[in-house]
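Labels for the chains are A, B, C and D, by order of writing; each one numbers its residues from 1.
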Amino acid sequence: MSNSFYREIINEHNLRPLHKHILPRAGLSHRGINPSCGDDITLQLTIEDGVIAEGAYVGDGCAISQASADMMLDLIIGRTPEEALHLADIFLRMIKGNVTDEEVEELEEAGSLQDISHMPARVKCAVLAWHTLEKILEAEVL
Amino acid sequence: MADLNIREDFPIFRDNPSLVYLDNAATTQKPSCVIEAVRHFYECDNANPLRGLYDLAQRATAVYEESREAVAGFIGAASPEEIVFTRNASESLNLVAYSYGTFLREGDEILISVMEHHSNLIPWQQLAARSGAVLKFIECGIDGKITEEAFRQALSPRTKIVSMTQISNVLGIRNDIKTFARLAHEAGAVFVCDGAQSVPHIPVDVQDLNVDFLAFSGHKMLAPMGIGVLYGKKVLLEKMPPFLTGGEMIEYVTREGATWAELPHKFEAGTVNAAGAVGLKAAIEYYQIVGFDAIQKREEELSELAFDALSKIPHLHIMGGSTAKEHNGIFSFSLDGVHPHDIAEILNADGVCIRAGHHCAQVLMQHMKVPSTVRASIAFYNRDEDILRLAQSLSTVRRRMGYVE
Amino acid sequence: MADLNIREDFPIFRDNPSLVYLDNAATTQKPSCVIEAVRHFYECDNANPLRGLYDLAQRATAVYEESREAVAGFIGAASPEEIVFTRNASESLNLVAYSYGTFLREGDEILISVMEHHSNLIPWQQLAARSGAVLKFIECGIDGKITEEAFRQALSPRTKIVSMTQISNVLGIRNDIKTFARLAHEAGAVFVCDGAQSVPHIPVDVQDLNVDFLAFSGHKMLAPMGIGVLYGKKVLLEKMPPFLTGGEMIEYVTREGATWAELPHKFEAGTVNAAGAVGLKAAIEYYQIVGFDAIQKREEELSELAFDALSKIPHLHIMGGSTAKEHNGIFSFSLDGVHPHDIAEILNADGVCIRAGHHCAQVLMQHMKVPSTVRASIAFYNRDEDILRLAQSLSTVRRRMGYVE
Amino acid sequence: MSNSFYREIINEHNLRPLHKHILPRAGLSHRGINPSCGDDITLQLTIEDGVIAEGAYVGDGCAISQASADMMLDLIIGRTPEEALHLADIFLRMIKGNVTDEEVEELEEAGSLQDISHMPARVKCAVLAWHTLEKILEAEVL
């Protein structure tokens, strides 16, 4: 783990998140928690005309869990649930150290969390939002 | 006690000279005499103790039982029979909850404090669920203090067991066990003391405190992992049923039933961890060579240093007592706007080892209304430099997380 | 596998070159790679696993979890989550009896064999007493054999748990676990296998045997004391309540209750014995380097040698099977007119370490109508010479006790 | 522990005990057992006119437990209960390594068991008969 990990990009999403707020009329909502470290995120989405029209999160947690949620929402808003699930799959594989460079590019900014794969203790923080996303969407898509 | 001499006794610092280890409340590092004692056992005395008649087995038995005597002496027990070897403090507490717990009936009360470690909390919750007893909590103030008044109020004629930590693993505060044990006895309850954080740092005398049970772990006091202690008063241990059953803890066995071995063997089922016990004895001898006076003096110095240094860091808030003395080398704190895990990660990048999380004390966290904290905890082998590096690293955290000041 | 090379790996024989250690069923000696692995952990990786975010704690966590993976691989478990670290086989069996035992109701049956070690007997007696279940015994023949027929007859639709040792620590006989587990499953029971004497000597594959639980101890398989294993099928472990409670095994805790961590942590309360686990991993690696083929071949050779030598001694009677093969390196015997303790004492005077007593199997002793026996038990590091010295010493015992022939 | 411990004296008492039989009309009887090693002795005594008139034992056990019982009976038959208790006290102290040479002499042949004090595993065997004696007589004397 390196000094430089808390790079601007993570700090930026953590300190000035774009999507950290409540969606008053969200159709879908799910809470994800990491008991061991206390990260706690509630993810909200609205799906309209087959795409994720709106998305937001609230919660507490470390910079990685918060930045990861914020980056994820940046990426998936405007996509179909299937596309979002595809991206979640890439992200989760990235954290396991099992992706191609092209796939990482698809993740845009969220690809900057690739280093987490070398930080076992933080893996849970990074994947929390994405697992929560899977939980919401798998129920929808099925 | 010179800074450096002591440190040389701990091999881990040889290969990691710049390691700043401030997670001593989780587990301590091991001096070479302990590591060597374990090796020596396996190279010279290894046999299954208590079972064999041959010299090697007798030696294994002798060193195992000498370890028990060393422990009895260390905590002032009336006799070695009162010392049961377990795996760790958690198992010791479970033993009491399972075994002494069989005496509890519906409506009886178990009293613990809100600052208990999960290991001194969940066994009682489970016992309450099994027996129909009621688990009650004594509150502490924002400074961590449990007053005599609060304690008296929480006691009732139905209180059968009181269990409390002597030193909190989160706040570092020390509870007045002697007074609380006396009050518990007056109310007709037994008093269980969780010594996991106290036995390694202050002299503990079970007869002076007059506690009925004392639980602690070897690994938090320089000894190997996998060895812990339950002290229990003989009269109580004698009337309690066994907990784990199997080899070594029996007298006669037939198809229909069994009778139990004498104390302390009744409570030690299966092959014992003799090497662990021998390691614990070596640790106790090391404590005796360095001396508790020197250890306490040094830990107080380091505590003062840490309290001062942490107090000066902007946006940092120490939980609990407002003087160094109230912390016994344990400091939990928060830093505005930065999650404890991020702090731990950044400190790690600077080679400083501290803990972040709930410290196995979620009920205390709820009581104090914080989700988690950072904790630095001291041992006598820490250097002044360790504290300074902690403070220095901490003072850069907010900037490194993107805050302007 | 040359006699001497292997022996050099065991430091205890360095200082005691003439030591004849034939109490391997009680505990084995430790190779230097195991002793070194423990030392290395304390000198380089020591921290409280699972708790810290800093590099040292991550290393401690990593080596601890790698040890779990090594154990899972060694016994063919489907996943490391199915491996719970305990103190020893006794604790593993107690865990099942306490936790799975909560599912038992009055009138249910628990079935064990008469040859069980107290550690696989008293926990079930106690469970029967707690739950109102009935403890039933499967008999064995005078040769130690449990027939399929006897097993089928002992089973009933009320049988909920069958627990049996794979190799008897007294007779050395090997039970047909695969068949018995299948029959138990057909009757709707779970099958617990006591592998304390088998895992160290023969390849054991839990999926092939299709047992639901397997218990064994590190110290009987070259590893340190204070570390044991419970294998359990995931579906069963998942539905079982925790046994010991405390730190590390929880998810959320409030004053009112708690939820449990995921497998396998749900069953590991308090600070784990990481150094012990690391030592066990080193032992497994040593097994893999020497190879089970070579180990079994060597132990069979020594077994043949011992059986032949003992059979030739006048007035000596070997208990159980009448061929070496049926003994798996374990020989219990009596010598007319000489009490086992006197034999042990005389052999000790000749530097030969064997056991005398009931070997924690009083029910088997009653069944076989002997008060106690002498037991010699072999490991692959024994020399031919060890067996010869055993036999030689034994052949002088009666004379030394005053008998004319 | 030495090769020479099983000296003639112990072997003799073990192989050809004088007092190993049943007393059909014994007034006093007590069973002593060492669970860990299985030694099992039933001691029988008759007290007449204030002295131990008859004594015998039956049971199983190692040579030391049997020889110790036999030597004890040799010593105490014909003595008063008080004298016998005094000798038992000496014997038990001898095994703990806490006697004078004069005291050991009072024990006559039983003094040959002094070496047991260096054999912790056999202490229980040696003292079994003597503890059983104490049990019987203390009830009488009190």
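Just so it is clear, a contact is a pair of C-beta atoms (placed from the backbone, for glycine too) under 8 Å apart; a residue touches a chain by one contact, two chains touch by 3 or more.
Small disclaimer: the values here were computed from a predicted structure and weren't measured.
*Asks:* So which chains count as neighbours of both chain A and chain D?
*Replies:* Chains in contact with chain A as well as chain D: B, C.
*Asks:* Using C-alpha centroids, which chain lies at the maximum separation from chain B?
*Replies:* Comparing chain centres, D lies farthest from chain B.
*Asks:* Mind checking the centre-to-centre distance between chain B and chain C? Centres are C-alpha means, answer in whole Å.
*Replies:* 31
*Asks:* I'd like the Å distance between the centres of chain A and chain C, where a centre is the mean of that chain's Cα atoms.
*Replies:* Roughly 48 Å, centre to centre.
*Asks:* Between chain C and chain D, what distance separates the C-alpha centroids? Give it in angstrom.
*Replies:* 39
*Asks:* What positions in chain B touch 2 or more of the other chains?
*Replies:* 52-53, 55, 250, 252, 341, 345, 348, 356-357
*Asks:* Two-or-more-chain contact residues of chain A, please, as numbers and ranges.
*Replies:* 1, 36, 122
*Asks:* Can you name the residues of chain D that touch chain C in the complex?
*Replies:* 1-3, 5-6, 8, 11-12, 14-15, 36-38, 40, 60-64, 119, 122, 125
*Asks:* Which residues of chain C touch chain B in the complex?
*Replies:* Touching chain B: residues 11-12, 14-15, 19, 21, 23, 26-27, 29-30, 34-35, 38-39, 42-44, 46-48, 51-57, 87-91, 93-94, 114, 117-123, 125-126, 129, 135, 137, 217, 219-220, 224-228, 244-248, 250, 252-258, 269-276, 341, 344-345, 347-348, 352-357, 360, 362-363, 366 of chain C.
*Asks:* Can you name the residues of chain A that touch chain C in the complex?
*Replies:* It is residues 1, 35-36, 120-122 of chain A that touch chain C.
*Asks:* Would you pull the chain C residues touching chain D in the complex into a rising list?
*Replies:* Within the complex, chain C touches chain D at residues 337-342, 345-346, 348-350, 356-358, 371-372, 400-403.
*Asks:* Mind pulling up the chain C residues that touch chain A in the complex?
*Replies:* 53, 55, 58, 61-62, 250-252, 259, 261
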